[in-house]
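Here's a structure for you.
Chain nomenclature is as follows: A, B and C, assigned in order of appearance, with residue numbering initiated at 1 for each chain independently.
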Amino acid sequence: MEQARNTETDPAKETPVDENILGFGPGLKHAAGILFSSKTAVAGLFLVLFWVLTALLAPYITQYTPTEQDWKSPNQGPSMEHPLGTDELGRDLWSRLAYGARIVLVVLPVTENFWIPGGTALWGVFASLLIGAGLGLFSGYYGGWIDEIIMRLLDAMMSIPVILLYLIIVAAIGASAVNVVFAIAIVGTPGVARLVRSLTLDIRTRDYVRAAETRGESPIYIMFVEILPNAKGPIIIDAMLRVGYAIFAMGTLGFLGLGLPPPSPDWGSMVAKGREFIMSGSPWAALWPSLAIASLVVGLNLLADGLREELTRYQ
Amino acid sequence: MKKDDFKVHPAVLDLKSDMEKGKVTRREFIRYSSLLGLSAAAAASMAGFPWSGAAWSASVKRGGKLKIAAPVHKVTHPAQFSWIAPSNQLRQIAEYLTYTDGDNVTHPYLLENWTASDDLKTWTLNLRKGVKFNNGDSFTADDVVFTMNQWLDESVGSSMLGMIGDYIDQTGIEKVSDHQVKLHLKRAEIGIPEHLFHYPALVLNHRTFEGDFIKAPHGTGPYLLESYREGEQCVIKRRKDYWKTGADGKNLPYLDETVFIDMGTEMAPMIAAIQSGDIDIIDFSDISATEAYQALKDDKNVNVSPSTTNQTRVLRMRVDLKPWTDNRVRTALKLCQHREKILALAYFGQGVQGQDVHVSPKHPEYCPIDTPKYNPEKAKQLLKEAGYPNGVNVDLAVGSGWKEIVRYAEILKEDAAPAGFKINIKTMPNSQYWEKWTEVALGITTWAHRPIGTMVLNLGYTADEDGKPAAWNETRWVDKEFSELLSRANGTLDIDKRRKIFCKLEKIQQDRGSIGNAFWINVWTITRKRVQGVKAHPSLYLKLDDAWVNA
Amino acid sequence: MAKFILRRFLLMLLTMFLVSIAVFLIVESSPGNVAKNILGAFITPEQEASFLAQSGLDKPILVRYAYWLVGSDWHAAQKINLPLKRLVTEKGFVEWWAVDEEKRLVRWELDGDDLIVNIRRDDGEVVKKKDNDRWRFADDGSARFWGVDRHNHAVLWEKGLDQEVWTFVAGTGWMVASGGPIEYIPLKKGFLRGDPGVSLRTGRPVAKSLMIRLRNSLVLAGIAFVIVMPLALFLGVIAGLKEGSFKDRFLSVTGMTFSVIPEFATGIFLILVMSHWLDLVPGATVFGEQAPWERPDMLILPVLTLTLVELGYVLRITRASMVEVMRSPYIRTAMLKGLPYHKVIFKHALRNALIAPITVIMLHVNWLLGGIVIVEVVFGYPGLGQYLLDSALYKDINALEAGAMIMVLLAVGTQLVADIIYTFLNPRIRYS
């Protein structure tokens, strides 16, 4: 799904490349200025920050652990003890939501006992950026038959319906956080590669790239030191949107029974499990994580939109 | 029972005296004596019960159409069934020799009656006369012999072979006359009539059956196969010359037509469809029904009738793999089951608690035994003694399609943590779980309903002659004393003596066995209120010959 | 132009080829046991081996791919040394027969040691005869024969002196035979020749099941498309006219919100509210013999779900395009020239603003299909999506390949159409 939705906001189409946008160091203040001049971006930032903070502070703002079972009160609506209610095993939904944000945004549970920083969705997007950017750079910089082969393969990948790709990938390699990352990465790669390729095609005609070439720099150096840093603005905006769709994808995978193993409180699995109880009149367990996914993805979209709008205006 | 050659089996008389002494309940008496060939009515009168057969009032209505949500699987050879759902479609077209009802009492069906020799090694099956297949062929002993040979043919690969193969082979089936077949067994067996109602045991037409029932759908049943589209639907239509007569004196069935519609595996659409009346029945024989039970139990348009069953979810530990080689570790994990909580949350309290013993309170041999209490401290202590003072990491394999099993696993994970078990739940689609159900070190397996306790224990907790664990012994647990007692129980007919052996068997399994089991489940037959005559059955078999609908 | 279309067409074929290989490889390399998935968990190793052999799954992957692509009948015909013929019986069963030297339709079965030929007469009646002359004897005393059996396989039967197989023969009982089938080739024409084979899971020809389901899915997608498109274009234009206005923000945020709530949650909430609580419309799709359009009430909720999910996306593309157009110098010029507002909008802005969304939407039919898979599962809708989902879970390679090919064809085909439309709308584009 994400590959499609991204075309709409393909930053390469609308935004001329500006080397300072969202740059770090000297550009940081500048970027902040752009950010705060857009109401849309601020609204988006607020939503995103809310979830980032919730994720970071989860242990301090919740009364229960995400797996604590109050077996006398399963499937409850909101109450004083449980502000958002409880799920089918009597677990506090607010705690699960907050810790779920952690899995999406802050930590990746490689195994039950081994966690690495960076959320599942973030790692998924990061991996697709890594592979996609590599392929895009090579393809765009070298052109010719390398370009042709890479792009045709990616075209083929893009024309497999995403849902089918998920199914085949995860049905083949099983359900775990790392495999979810893998699935998100594979599905995201062609989109990133296309974007980076188009940016590369543009940037490689610039003077400073010509200069580096006449200096005799190696192609690797030119690709990763001259071209990539100058393309990072649109890539970062694109990545924000991708994070949103990665979260959405985790939900779909959970629905297909291929998400993170229980009792993981990630939002996708929460919706997928909670939906069993909607028909018996306990919609809460599915409602809250659905809204959480929606608000975070909307936040990321608004942030990206706002930034882009401001950038175009700025030029 | 006016036949001269029919005599009451001597064991029936023993049973009767046991019943009179209070060692056997009336229900058990009826059930056992009916297995021994006494008709249910005669048994009931001996037990002092007024017998009220299935006497429908004359208010039945004819005509109409039933819509059933059920998976429509690929089907070729009925003996090869591995799911119950296809049998629920084809049992309307072909039939069984016997019929075991929802109270576990077995009645003759395509058989007129049967007798067993005193040593239970020779069984005489008398076939019902005047029954015709829907293509006009008469039903005779040739069909029975043919069908039984199909079960025993290894190239057919029927699960019947596993059930009856160890007490009979093809040489033991004798056609005496056109309407009599004798079975010569290798050992005593009382369960024959029940086995003849096992779901792959549909009687086939020996003249036309060539391996694919759909191409030659010739059975003796009340319906004709109109169309069969796998994954889509199966349509059956009323047959005019069916052998059974309805309450109104005319031929059964009452219904004109029944359609089985494959609606996938997602529960929400089926629930919505039965609520709106777009379907009348949901076939839950192969899928978990808790979701539908929750949503429909208070619906005023829907009947939800429960059956208690001997179905359970078994927490099985492979005793040949660490850490489960140590009985202390196994016992520790069993102690971590908070049974009341597990039953309440995983199955909404709809069943009875289990006792880490694969014998259900509903099994006739069941000997009451204490239910272990949740005791994480003792479990921690046991783990320490077993050499795991800092706890132990284990993987628990579950199929994500069985929601109650996933919940069981999640509860166990939480409650076993204080004892030092760190459980990693590994979910997989059900199909993948079945691929490795006997292989995983720790997993939760569903076990189907079996009417007699020895059937399960023989399947799951024994070894073959060479000492190799039997095919379905998923935990590899073989215990010498247990096996000896079990084989003694197999040969013991006297229920009271049998139960005494079971007291010991259960104690052994609870103390040093390889399974935890937290609950025995109920199942539900879910129908629209307008549907009449569909009786609840613990295996969720659907019998539609005398079903009818109130328009 | 013609060159461009030809080029794109060839690319489409290439893509389909690559995808078919990819699907084959992924399914091949994934763990899982097809036999157990299909026959149940309790089969014996012998049954498994026999199932794999009869389904042709014991062959090397290259051979299987070739059979899938171009069929196996030509290969089998070479082995049998007779031409093969595929026919469909009155009851709709597909049957393969060999055409013997006398132009009769024949196939064989083994009865004990005897080879029996079944001869199909023109009226469909089958005559059986012993046919032991066809055995070819080898030096070691064993005999072999390649023929067609009654289950649409080409089979190599072998009998020898040292083999003993128990077989049950109808009417006779148990017999010891000294031979049996040792190799199978399931007969099919291959995907390229319009026969994607038989589904391993359902045993039905894939093409048969797929067509009905494809029709159902297209009905659903079509209705959703017809509703979503005008609505989304209209709302998108309204939002884009005044960028940053309340209307704009409200429409884009609401649209976006609905489009990012997972479809399966939206679907079930809709069932709960519209069907369970309010009892307005049916909450599930049960068609039975009927076609979807005969029960339009049952289509309401699936279509509504799809609409909610898809609306936001199209709306945002339209809006973005409209915003861009409104900012462009020529619209500003037109405004400055003093042309009436509505005239500027209808004569200049709209036409240009709608080019992008219409083509972009065409590019993403496969994404629409993705949403449909989930919606179909949630409503029990008998469409292509559910079929694919089941096929993938059961590793039903023939069904999965055929479904994937259809999806790719739809996705790439509409892209091609989109490109062509775009060329007409926007002649500035140059093709190399």
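Keep in mind that, in the parts below, a residue touches a chain if its C-beta (ideal position, glycine included) is under 8 Å from a C-beta of that chain, and two chains touch if they have at least 3 such contacts.
Just so we're clear, the structure is a prediction, and the values are computed from it rather than from any experiment.
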Nearest-to-centre chain - CA centroid comparison: C
Result of counting contacting C-beta pairs for A-B and A-C, higher pair: A-C
Calculate how many whole Å lie between the centre of chain B and the centre of chain C, each centre taken as the average of the chain's C-alpha atoms. 37
Express in whole angstrom the distance between the two chain centres, defined as the mean CA positions of chain A and chain C. 30
List the centre-to-centre spacing of chain A and chain B in whole Å, with centres computed as mean CA coordinates. 48
Overlap residues in chain C, where contacts from two or more other chains coincide: 31-32, 268, 271, 276, 393
Enumerate the residues of chain B that touch no fewer than two other chains. 268, 271-272, 429
So chain A residues touching two or more other chains come to 171, 174, 275, 278-279
Complex contact set, residues of chain C against chain B: 31-33, 36-44, 46-47, 50, 91, 93, 150-151, 166-168, 170-171, 173-174, 199, 201-204, 209, 212, 267-268, 271, 275-276, 282-289, 298, 377-382, 386-387, 390, 393-394
Going by the contact rule set out above, which residues of chain A touch chain C in the complex? 1, 3-5, 7-9, 14, 39-40, 152-153, 155-157, 159-164, 167-169, 171-174, 244, 248, 251-252, 255-256, 268, 271-272, 275, 278-279, 283, 286-287, 290-291, 293-295, 297-298, 301-302, 309
Over in the complex, which chain B residues touch chain C? Could you list them? 67, 69, 73-74, 76, 80, 82-83, 146, 149-150, 153-157, 159, 162, 170, 206, 209-211, 215, 229-233, 235, 259, 261-264, 266, 268-273, 275-276, 278-279, 429, 431-432, 434-435, 437, 471-472
Listed in rising order, the residues of chain A that touch chain B in the complex are 67-69, 71, 74, 88-90, 111-113, 171, 174-175, 257-258, 261-263, 275-281
Interface with chain A, chain B side, in the complex: residues 267-268, 271-272, 291, 294-295, 338, 341, 344-345, 393, 400-401, 403, 406-407, 409-411, 413-414, 422, 424-429
